[in-house]
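Note that subunit A is present in both complexes that follow, paired respectively with subunit B and with subunit C.
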Partner chain A sequence: MIVDSTHRSWILGCTAVAMAGTAGYLGYAWLSANGPSGGSIPGLIFASAGTGLIVFECLLSLRKKYPASPLGRVSWWLRAHVWLGLLSLLLILMHSGFSWGHGLAALLMWLFAIITVSGIFGLVLQNWLPRRMMELVRREALYDQIPMVVWQLRMEADERVEFLTADLGMLEDLTEFVRAGGVKQYFDPAQKAGAAEKQQVFVDKRKAVRQIDIGDEAAGAMRAHYLEEVRPFLFEKTTPYTSKLFATADKGAAYFSHLKTILPVAAHDVLADLEAICEERRQLAVQSTLHAWLHGWLYVHVPLSMAFLVLTAVHAVISLRY
Partner chain B sequence: MAKDVILAADLGGTPLSAEELAAVPDFAGIRPQIWEKFPGAITKKTYSPGQFLMHEGESGTTAFYILSGLVDIFIDSPVAGVSATKGIKSKGLFGGITKITAYIKGSPVSRTEPGRLARTHIPIDAAVDLPMGNPIAELKAGDMIGELAALAALKQDRLKRPKFYPRSATVRAKTDVVVFEMLPNILNNVLYNAPAFKERLNTSYRNRALANHLRSVPVFAGLSDKFLDSLKGRVELVDVPPGEVIVRQGDVADAFYLIRMGFVKVAQDFPGGELVLTYLSRSSYFGEMGLLPPAFRVRARGPQPGQNAEGAVAGQTVRCGRAPESERTLVVAWDEFISREHFEMRVEGNQIRVKRLPSGRNPIIFRMRPADSFLVPIGEEFVIGNTTFEVSADALQSGRRTATCTAVDYVQLVRIKAEDFSLMLDEHPEVKTGIIEVARTRRQMDAQILNRVQTLSLTNFLEQELMQGQNLLLIDLERCTRCDECVKACIGTHEDSVTRLIRDGMRFDKYLVPTSCRACMDPLCMTRCPVGAIRRKASLDIVIENWCIGCSNCASDCPYGNINVTLIPDLKGGTAQKAEFNPKAIVCDLCVDYPEPNCVRACPHDAALRVEPKTFFAHGLAGSQLAVAVDPRKQVEKAAEVPEPAAAPAHAVTQMLSNISELLAMMPRIKATAGLQAGHTLQLRFPETTFGRSAEADYRFADDDQVSRLHCKITTESGRYTVHDLNSTNGTRLNGNPVSEAKLQNGDVIEFGGQRFEFLEGHPV
Partner chain C sequence: MSKEDKPLDYQRRILDTKGVAQRVDLDYLKRPNRFRDLRHMLTWLAPAVAAAASIPFILGIGGGEKVFSNGPVSRSHAIFENNCGACHASLFSSVADASCKNCHDGPPHPAKSIDTGKLSSEPRCAQCHLEHQGRGIMAEVKDGNCTSCHGNLLLNGSGIKLASTRVTTFAEGKHPDFPALKKIDARPLKLNHAVHMPLQPKTIRNMKLPMKCGDCHTTGLNSPKGDLMPVTFDRHCMSCHKRELEFDVYQVLGALSAPSPHTKDPETIHAHILATYEKALAANPSLPERPLGREFVPTSNPSAWLDKVVHDSESFLFDRKCQYCHEYESGSAGGSNGYPVVRKTAPVLGRFVSGNPQGEPWLTRGEFSHRAHRAVDCASCHSAAKTSTKTGDILIPKMADCTACHSGSGTHLDNCSQCHLYHNKSKESDKDRRPVRELVGSATKFTGSESSTLPSRYQRERLGAEYVTGGHP
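After this line comes the complex of A and B, so read on.
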């Protein structure tokens, strides 16, 4: 969520409430003989308000579950989540009299602090990383489909290299996958078999004989470079060596420039294709990393929030009963 | 499928010699030369009870003529057991709670068409339509199956990309059946060179199918047997070859048409091109709007600017005055010479009868004389006090064709003459009401489409693919965190749990145009559905009805790949584990039953937007730079096409540009010739554009360490552009010289860090 002018009313509203709360707290702290305490009436009022806001914030996940709900857009709920979250921190601090407490209370304060910090961290990342992703990853794929795209790139690269080397001896399942934009339905099995046969003729031809003749020596060199350096980069988990080799677009370009100097001109088109394939793979790796940063913080924020909610209930029961 | 495969396929069965065919009574009158010309193009086949003649969805370009016996024709893939949108299912004691939770969850508001407009039958490529609830019917001797598929195959060799119709239904022999299976060429010759055979088919249709066919159209469901009997002999059965115009926009309307077979394109002429309103398939009808009773528009005009009122006068009487109390009124509040209820108007023939009411104090002046009751023809006016009333014809209900209808394939039509149509409306008021309702819906739809293309040139409008859509989903990639809430919302909205939205597609500036339906102006996806399941709703959205057989024609015809065919479980009477999976086409229906698309509603970051491309790209993206000074000479040249806005300032005319490429060319921009963005064009923003390494910069060069955090900016003032260096470490160069501030001219080269740009001032249209 980008913090922009659309947040103004939330910022102003929360600031106003925070100022009113602070004024109330100062008056209460001034007037109470033993200083502010969580068990006093004003302390309980701050606790109730803060807890109410925390419960409301947790409803965000429920709101997301029902996208069509008439109870406001999810973006409205997220804005409320951000700003009321900060306000609830202040209210809880007022409840505790700005003291960290002991035992369960201290645990709750630690949890709340981590949740708040992780939330702010997430918000900062969400403001920054989408733009960065747009700049760095020009060939973005659907995150869930990255393994499939990598597999497809590998198949494509194998096919290109086989034009120079003939059969590489790589046997992989040619799984038929569903493409966005329409699926060919074969009602007639003969039609499907016919299409597969046609495809197989091309594959057999490519594997049997080199389609571009660059000589045995160059073909051997191509095969060795491809299998040892390029192909390992076209897997979901790459080796450290290849990751380093293609770490940036410039490094990738330098590698393929070097190959172009040692291989004949006839191979350059294939090398250009391989360079493009490797660059796409590199961008997908960057995308995966950025995606992990964009969503990784939620693995801290969400479970701790749930734990916090449960422990808050325990804290309330214990405090009120005993 | 090659032409030789279509026209010389081995049909199997028993080939018949010319003599044997000539001896068949049903083919009596056909010249023997026709049989000799196409040997083997027609064979006789017999089927035992239970044997299948064809399966829905499979490819086939032959036609079957039933010689004897009975067959069942049905849709084998059952009507989908899931509805596209989730509905409220509240029962029993907990009904109230269910309703509350359903409200919180957000349940669809049913916006389905009223009963008399909703389809009751599934159109197929045979002599009958299948009832929606139980899609099965019986065909007997003399009926034909697959006529459209066969005839359409004939024109494939002329097309770059052949389009075939799959079998629209499954056919199974009910008794011992004898059929003739015919290749397209022989069918074409038999149908069009043998009037006797054609006449036999037509007679059979008139006697057996016409009444049911008419009644299968919801608005005609109430027609009486007596009327249908009288209609049988009077309707004309018309055949139209592909590409032929059936009715032309502006022609006098003289008949009503019901489609018996094939597809009809409905389009309106527009300056600069043709705008496709819709495609109609079997059991749809057209031509009713021109035959409806004429409607008029009355415009009241006062002496002061802004004193205008306009109303329609059609079937009902309209009362006019300062504060009339009636169901249909025309209010003229500004004129004190006009009484609260002054006069009434009603249609009489092709004129309007105006009658002063007893409460109308001042006289009505018509043709310079006071009159209490008189007929006003179109184009004339009358006066009361200071107000003039002008009468004009309603362009969409003036007795003329409002659109051009063209046959897309071989089309067969039922033509009902204007007088029979009028008689039908007079005798059946419910049919009249239904037809008027449909006409009103179609008018609203046409008006919505036309509103969207009121631009300089329709050709320009259509050039840009983005402009093809009228409702586009965009994702702002600077805001999107790739959380996929939009996709999850789409899955959650549809009971089949299949997303219509794939967050992938072309990029434009910072926007991603994902693969979701664009509700195109020319919905090509609608041109080949064998069962008429894909259609446009009154709201212009494309919907695929749940009787889709999953043939994938629409998916392959969609230019943007936005229709997918997927296996959807049929949960009828079984659990999810035992469900049968049937192929169905799915398309984004823009959450037609919800207040707004749920993908937009569910986006936590306001990154998903549904926009009308023309408005969004013209206003949202281009912003204030749309106001451009236009060369008066060019304006004169374009005057014939574009009316000049009334309130335009003297020195400049604001033009609405629909074509984004046209817009970009006229805006100031810089083209990267070296560096990170080489080859890209960067649009300059108003009033300034900043460049640097930090995220605050409008254009960021994070990987160039020779560029400062905020390196330089380009400002605009009074149409002049200036580059300013922002105290950068390595400086900014203009045409090779270091500058701190300098005016820019077209073609200037700006350099900073490792980046080099050419400044392009843009040119006004």
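After this line comes the complex of A and C, so read on.
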């Protein structure tokens, strides 16, 4: 979520409420004989307001679970989540008299601090990383599609290298999936079988003989370099060696520049395409890393928020009991 | 070359929109995603663990309910640290006064019996005494509890006789001076502090002056607050003022000269003088043959000699020596047998009050500990002592002397409770409603002046060295 001008009303509203709350707190702290206390009437009012906001914060998960809900747009809920969350922290601090407390109260304060810090961290990342991703990842894919795209990149690289080396002997199960973007449909089974047969002839021919003759020695070198260094990089989990080899676009370019010097000119088109495939794979790896940063904080923020909600209920009941 | 033998054309890689789209699996949301699943699992697991972990604490298994405590209890209540129910007797309500009064009496305000004001409303115990604030002293309440009423006493009480009805903080000009400064100390003694502590050092009768405060004013070793012991002639004055008891006006006793006893009973003094001269006459029967003083003719016989020296010695002692320090009741010859009656000056601890042999405390509304101030030079508070020439000079420091250190320090030293008591301790009783005073009295022996009434707390504290407690705290 990008913090932009649409947040202005939330910022102003929450700031106004925070200032009013602070004024009330200062007056209460000034007049209170023993200083602010969570168990006093004003302290309980701050606690009730803060807890109410926290419960509302947690309802965001439910709202996102039902996208078609008529209870306002998710973007509205997200803005409310950010600014009311910060406001709730202030209210809870006023409830505790800006002290950390002991026992369960201290645990709650620690949890709240971690939740808030992780939320702010996530908000900062969400405002910075997407722009950074636009610069670093030109070949962005849907995150969940990355394994599928990587598999297709590997298949494509195999096919292109087989123009230079003939059959590589790589046997992988062909994954059938529903392709987006429109696929030629054959309503006549005979037509479909004919097209498949034509495709198979094409594949068989490519695997049988080198379609681009670069000589046995060069073909062997190409095969070795591809199988040892390039192909391992085209898996979802790459090896440390290949990750280092193609860590940056410059390193990848330098590697393929080296191959172009040891292989004939006839192989350079295939090498150029392999370089593009590896660069796309590298960008997808960068995307995965950035995605992990962009969403990793949620593994802390969301579960701890739910635990915090439960412990807050326990704290409220037990505190009122005593 | 036949068509079949012709090599396949190599098509360069083109990434158009359609090609990119065709790589996308439309059913990807149906495929398992371990990261998404992990997040969902954690979202349910974390609150479940929190709820499960709370159960033993809620049930108080193994003293688990302690985690709900707001903090350590005060030192005095540490024994109840794991027994919440000792104070929190009723559910969903504040700690009731009854829980406190199980152990504490908490006699009501006003702090001292001399006060007559009444509060508009009696606060609850827990309103001032906050528990779970750490291992401190719970009795040390914050100033706000006092100033909430004393900030505007006329509004918050009735029957107020205090002069200062608006005390908001302990600062110069905002806290009244000690009432003792306006009182009179009618102690019938002639004491001149300035003579004992001259500004310029000098030596009189081999005694180097100025004296130090501690030469006369010592603190009780057994007194918790180090209250000053009474100044007595025997302990503090006699070493220098011994000759004030000498009565040998004609210098006839020589080696047999013995100072008169320091007593208010003139008969005892008379008996001592007579016995001393009789002893001297027995040792030297020719004494009457010498003229006395400036006379040229000796006395006629030993009996007349004895009568004269005793009479003149008593006149010398009672008319000149005793009055060096003491005052007489209504004329020097108003007593029995023609002897003057010395106005009583019992070794009072505080302010001398005629008719009250025990005296009265200087500070009636607050407590003061000399022990706590032992690092401070006496003159820094009692600055007027060195220039005081009369016994009746009130040498209690002004409030400004206190606020110099105790105002604005930001520590508990500035608190009202450092000096003032809320509860009337003199009316405190134990759990069985027996006055503590009675309990203390039954187990103590007062070795000071005998009195038909039990010693007051004021006496007990100030006569610490002479007061022996017999088991009761």
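Methods note: the second predicted complex is superposed on the first by the 311 of 322 C-alpha atoms of A that agree within 3 Å, B and C clash if a C-alpha of one lies under 4 Å from a C-alpha of the other, contacts with A are read in each partner's own complex, and residues count from 1 in each chain.
Assume a contact is a pair of C-beta atoms (placed from the backbone, for glycine too) under 8 Å apart; a residue touches a chain by one contact, two chains touch by 3 or more.
Being a predicted model, the structure only gives us computed values, none of them experimental.
Novice: Could you tell me whether subunit B and subunit C fit or clash when both sit on subunit A in the superposition?
Specialist: Once both complexes are aligned on subunit A, subunit B and subunit C fit side by side.
Novice: Using the touch definition from the top, say if A:R73 reaches subunit B (first), subunit C (second), both or neither.
Specialist: first
Novice: Report for A:G101: first if it touches subunit B alone, second if subunit C alone, otherwise both or neither.
Specialist: second
Novice: After lining up the shared chain so the two structures overlap, which partner does A:F121 touch, if you call subunit B first and subunit C second: first, second, both or neither?
Specialist: Once the two structures are laid over each other on A, A:F121 reaches no partner at all.
Novice: Using the touch criterion from the header, give the chain among subunit B and subunit C with more contacted residues in subunit A.
Specialist: Larger number of subunit A residues touched: C.
Novice: Thinking of the overlay built on chain A, is A:W293 touched by subunit B (first), by subunit C (second), by both, or by neither?
Specialist: In the superposition, A:W293 touches no partner, neither subunit B nor subunit C.
Novice: Quick check on the superposed pair: does A:W110 touch subunit B, subunit C, both, or neither? Answer first, second, both or neither.
Specialist: After superposing on A, A:W110 lies clear of both subunit B and subunit C.
Novice: Would you check which partner chain A:L142 touches, where first means subunit B only, second means subunit C only, and both and neither mean what they say?
Specialist: Both partners.
Novice: With the C-alpha centre of subunit A at the apex, what angle separates the C-alpha centres of subunit B and subunit C, reported to the nearest 10°?
Specialist: 130
Novice: For the combined overlay, can you note the least CA distance between subunit B and subunit C, rounded to whole Å?
Specialist: The answer for the closest subunit B-subunit C C-alpha pair is 6 Å.
Novice: After overlaying the two complexes on chain A, where does the subunit B footprint on subunit A coincide with the subunit C footprint?
Specialist: 141-142, 178, 180-183, 295
Novice: Mind pulling up the subunit C residues that touch subunit A in the complex?
Specialist: Checking each residue of subunit C against subunit A gives 7-8, 10, 12-13, 15, 17-29, 31, 33, 35, 38-39, 42-47, 49-51, 54, 57-58, 65-72, 84, 88, 91-92, 94, 127-128, 130, 132, 141-142, 144-145, 147-148.
Novice: Can you tell me which positions in subunit A touch subunit C when the two form their complex?
Specialist: 32-35, 37-39, 61, 101-105, 107, 139, 141-142, 144-145, 148-149, 152, 156, 160, 163, 177-183, 202, 205-206, 209, 211-213, 269-270, 272-273, 276-277, 295, 298-299, 302-304, 306-311, 314-315, 318-322
Novice: Can you list the subunit A residues touching subunit B in their complex?
Specialist: On the subunit A side, the touching residues are 1-2, 6, 64-71, 73-75, 77-78, 126, 128-135, 141-143, 178, 180-185, 187-188, 191, 291, 294-295.
Novice: In the complex formed with subunit A, which residues of subunit B make contact?
Specialist: Residues 55, 57-59, 103-108, 166, 477-485, 488-489, 492-493, 502-504, 510, 515, 550-552, 555-556, 558, 560-566, 583, 591, 594-595, 598-599, 601-606, 695, 700, 702.
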